[in-house]
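So, here come the structures, one by one.
The following pair of complexes shares a single chain, chain A, combined with chain B in the former and chain C in the latter.
What follows is the complex of A and B.
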């Protein structure tokens, strides 16, 4: 418990620094961005008035102070340029849910397929299936994702007669985005579970179990898999939480109204409040996810104790 | 020699020369202590055993050499010039690969404004490979320096860990985009932005490895035997690091190419007058819904796949073979 509290306070400090750095970086961008297309039409006084309204002419430390006092009150402010005068929480609400739905569906698919594939690969190590799986893992990891997303979009829509773009009511249009989202994760889970299982298979306790005459299936299920899952468990909470951040490629290709491209758009339009809120969200997700992962891992494996200095990473 | 004779008298069977004093030969005492093990030769031997990696290495060498010499070959077109049909005065728009009806020959066809896709493809590969290699080298330099300090100097450990935590928690997309925004879009901007986010991983890997092996028994033994620290670093630590460093460098190239594609995709990549694989993919994507124009997406996609997969596989196999534990 004490460990969790100290860790939480340290994480909070990290979070504050991260948000502050991004806050200052955003203030380094040229001011043209705040006006968009109307920049050339306005005269100097109008520009200054607008900047003053946004509070951008104050010294940075005053801006920073205002920002943090607002956040402590639970007020994330209003969007400046993305959808002017709309509360950030309102913009994010729907998008987060859309991304979350797709993310969780793809996570479920990739866990089932990826773990199954990895276990098969470890079981038949060095055989045909292992090699085939390795080819897939290498391809998915090395080639930039957008290339196979594009190919999938071009061909699968024709071959399987699936709709090209996402629509909320047509459940058939959800298949391709979920497939695209899963491809990389399947490779990821398959690769790691295979590696951990192969590591475990070489250990003495497996040899002992073999010597005792246990069935191969029992060794795999009762011993090897339970141990191999422990390191995997650590990343599970983070990957669940990260699904809210969406995928830029998939969401823009299938025109899903999720959070994927939001950060990029917000930076391009210099919507400071939106960027800050998003960075705050994503960073806290990363930190909380890692912490939950450590706690879950300790719960999963009684040999791991968190109270030791440095944790178990 | 004397073993087969029937021994009648024990003393006859003994060769008196065995009881002479042997001459002390210093060079012979070295023979058992010295092995002709060479780190790089063993690495090469293990690497050569993997036929696939060797084949990909040959392939990638051919690709790299070809991208370099391609502009100097005869009959090559300029990657940026817009070709105009002399008969009609119009640009050669979207000419199919090797279209026989067009008098001028475009091996891979032309793009939507009449530039030669073949020349653009190789020019783009050159740009992307240059970015990848530059990012890899800078990442290695920065990452190794910081990682070594982080792992070796105990006092710096806490500070650098904090810096790492902060920097690692800023989404790398934010850093990439803001940096390309603040600076002018150019090749050096992109390289700089990618290095700013890329060195973290390298530094962490190097640090973890140094932490693990610096106090191993064999290093303690070396230190006790009075081995100078220069020799400890070059002979005891570096061989273990080489595999990781080479792996990270080899993987930096595909990931840099991927990042460049990503930046071009969201419209923040290189200016469109510099051909790069990312720009070519973006151009091809705009036309991909027309089955006749898909070649403009396929050719760059194929080159990217070949290059990234090759570097990925070569990097992994080389890392395995550079690991002294895999040496005979």
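What follows is the complex of A and C.
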């Protein structure tokens, strides 16, 4: 408990530093960016009026102070250039849910298929299934995703008569984006679970279990699987949380109104409030995700203790 | 592998079906307005010999999402293009560019040209996004919109255009006066609107089609506050269409306004825009599948279309725009010492040196980087594009002395070398060093620009020799591009562009005004034959032209002389107009309202979808017919 508390306070400090640095960096951008293409068409009075409205003419420490007081009040402000005058929470709300929904669906698919595949590969190590799986893993990692996303989109829609673009109401249009999102993750999970299982299989306790005459299936499920899964558990919470950050390519290709690429766009358009909100969100997720991962790992494997006293790590 | 994939697919389907169960069934969007059943009321002339499509629904994908639908604050093209179809203006243009009554049925101006009175059409309704009547459009709506525009807190990007002509508007914006009734916009009664101008403005009518002169229903503006125009429910409609659905990064749907005062001229009943960030790569495929009505063909895939006989038959040029592109030659170099700004200063003030540069550039070859099939289509020899403004039935670019320039060509190797020889002699005497270093920036985000810069560099260096000029290309990231290059004077020669603000040649003189940040011509030390500073001579001409508000033909001629002066003295090199490229489209390119300025040309009014897209030949015929009809119409209008 004490561990969690110190960890939490340290995380909070990191968060404040990250957000402050980003906040100050945004203030150093050229003011041209706030006006976009209309910059040349505006006169000084108009430019000053806008900068004044945005509070950008105040000294930086006042701006920073205002920013933190607003945040503490739960006010993330309004977008500046992305969708002027629209509340950040309104912009993000729908987008986060959309990305989260796709991310979770894809994560579920990847876990089920990927782990299944990895286990199969470990079990038949060096045999046909293992080799086939390795081909897939290497392929999925080596070929740039953009290429096969586009191929999948164009050909699969033709062959299976699926819609090209995402539609909220047409569930058929969700299949291909989820498939695309899952392909690399499947390879990732398959590769690691296979690796950890193969590691475990060579350990003494497996040999002992074999010698004792346990059934192969039992060894696999009760011991090897469980042990091999521990290192993967650590990353699971972060992966789940990170799905809210969306996927740039898949979302762009299928017209999914998610958060993919939103941060990049917001920075390009110098939408300070949106950038700040996103950075705050993503950094919190990163920090919380890691912490949950550690806790989960400790829960999964009683040999691991969070505090130092145990010392069995 | 295939088996595995199909297996996966099945799994994904099953799973997504499961996740589908968790979505609330409310995704049927109860807020969606009842789309009026327009399928039965087809416009009568739609069947016309099968020329037009039976179903008048336009569908497209777009990659650039609009940021706001608040037409009173925006200046971006996509945003006011949308607003043009949602809200009507006092006046409008027909397909030949002749001014027509719209919300104003008639209007007159006072003898001194300062007071303009508009008599409004009665019974034009404001509707909300569900098509429910809210109020009638009255003269007060123009006054209320102006007040909103002139309130600095609203950050209107077009306020300056409004206060550049309307009396006391700038004073109100700056807070010098606080009583809005002193501003030169008044509603005498519900149907009489009066504008008072600062000075006689010959192009005032054309300005009325710009977003800063749009009306907005006052009580609604007040109710919405700063949320006006953030969503489709925060806007009222009195134009040809209603924005019935608007979901950013998803889609927007415009349906015909059934109560529109000119509903007979709205033929396309629904406009369906779907967002896709990768629209440029997907649109071609979607067009081929018949999912969208038109596609702009990217330069990279034009060959693929042209080599397929069936597709080739659907390809036609795109319409040209009004942005002008030219190469600016900088008279106030502020670049790094390693590029020798002082040396450039000496060189740039020598007329033969400037002319040698302009004569050495083959613009058609440079344009091939963008337009491989018809590079000459976009090339122009003037700053003001042809078909932009006309007076007394003559196009501005056909007036002397621009006529000779329009028909000529700058590129000539022989002349370039002649100028070079003279320049070498004169510049050596003036103490310049050779080779003269030329710094030429380009935006790394625009591939064609990078290619073009390479071509121009090569042309300059091979024609004139590297002992004479040495071109350094300066790639600059898109962020802060203009601040880091043009506006900072951080270039010697650079491709720049300018978009017009009103339908008068004056708008193209703005970049060369003293104190502006294009090529700083006021720093020139070069003189005319009679010893006057060239820029001062130019400035005097422009001021004379600006002051001429009665005899408009004379006004245009003066502007033509001024523009010719910049070109003949090679202060800049005219290059091309915006637009161009190729598209396949069911839209008839010459039925849209035509106007060189303002938002009229963005209206879908009067347009119909063709049964099959035009090809190159059909386009050319239609263009000739249109050009001829336009000249007739302009002459006819000039008589009145």
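In the analysis below, the second predicted complex is superposed on the first by the 308 of 313 C-alpha atoms of A that agree within 3 Å, B and C clash if a C-alpha of one lies under 4 Å from a C-alpha of the other, contacts with A are read in each partner's own complex, and residues count from 1 in each chain.
By our rule, a contact is a pair of C-beta atoms (placed from the backbone, for glycine too) under 8 Å apart; a residue touches a chain by one contact, two chains touch by 3 or more.
Quick caveat: nothing in here was measured; it's all calculated off a predicted structure.
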| item | value |
| --- | --- |
| Room on chain A for both chain B and chain C (clash or fit) | clash |
| Which of chain B and chain C A:7 touches, first, second, both or neither | neither |
| Which of chain B and chain C A:123 touches, first, second, both or neither | neither |
| Larger contact residue set on chain A - chain B or chain C | C |
| Touching partner for A:49 - first (chain B), second (chain C), both, neither | second |
| Partner chain(s) touched by A:283 [first = chain B, second = chain C, both, neither] | first |
| Which of chain B and chain C A:154 touches, first, second, both or neither | both |
| Chain B versus chain C as contact partner of A:142, first or second or both or neither | first |
| Touching partner for A:82 - first (chain B), second (chain C), both, neither | second |
| Touched partner set for A:268, first chain B, second chain C, both or neither | both |
| Stretch in clash, chain C with chain B, out of 171-179, 225-233 or 297-305 | 297-305 |
| On chain A, the residue positions that both chain B and chain C contact, one per complex | 29, 150, 153-154, 261, 268 |
| Residues on chain A engaged by chain C in the complex (per definition of touch) | 29-30, 32-33, 35-43, 45-46, 49-50, 52-53, 81-86, 95, 101, 104-105, 108-109, 112-113, 132, 135-136, 150, 153-154, 160, 164-165, 168-169, 171, 174-175, 178-179, 182, 186, 251-253, 255, 257, 261, 268 |
| Interface residues, chain B side, partner chain A - complex | 162, 165-166, 169-171, 173-174, 177-178, 181-182, 254, 257-258, 261-262, 265-268, 281, 285, 288-289, 294, 297, 301, 304-305, 308-309, 311-313 |
| Chain A - residues contacting chain B, complex | 14-15, 17-18, 21-22, 25-26, 28-29, 138-139, 141-147, 150-151, 153-154, 248-249, 261, 263-264, 267-268, 275, 279, 282-283, 286-287 |
| Complex interface listing, chain C residues touching chain A | 1, 4, 8-9, 11-13, 15-17, 19-20, 23, 27-28, 61, 67-68, 70, 73, 75-76, 152-153, 155-157, 159-161, 173-174, 226-227, 230-231, 247-250, 274-278, 281-282, 285-286, 289, 291, 478-480, 482-483, 498-499, 501, 517 |
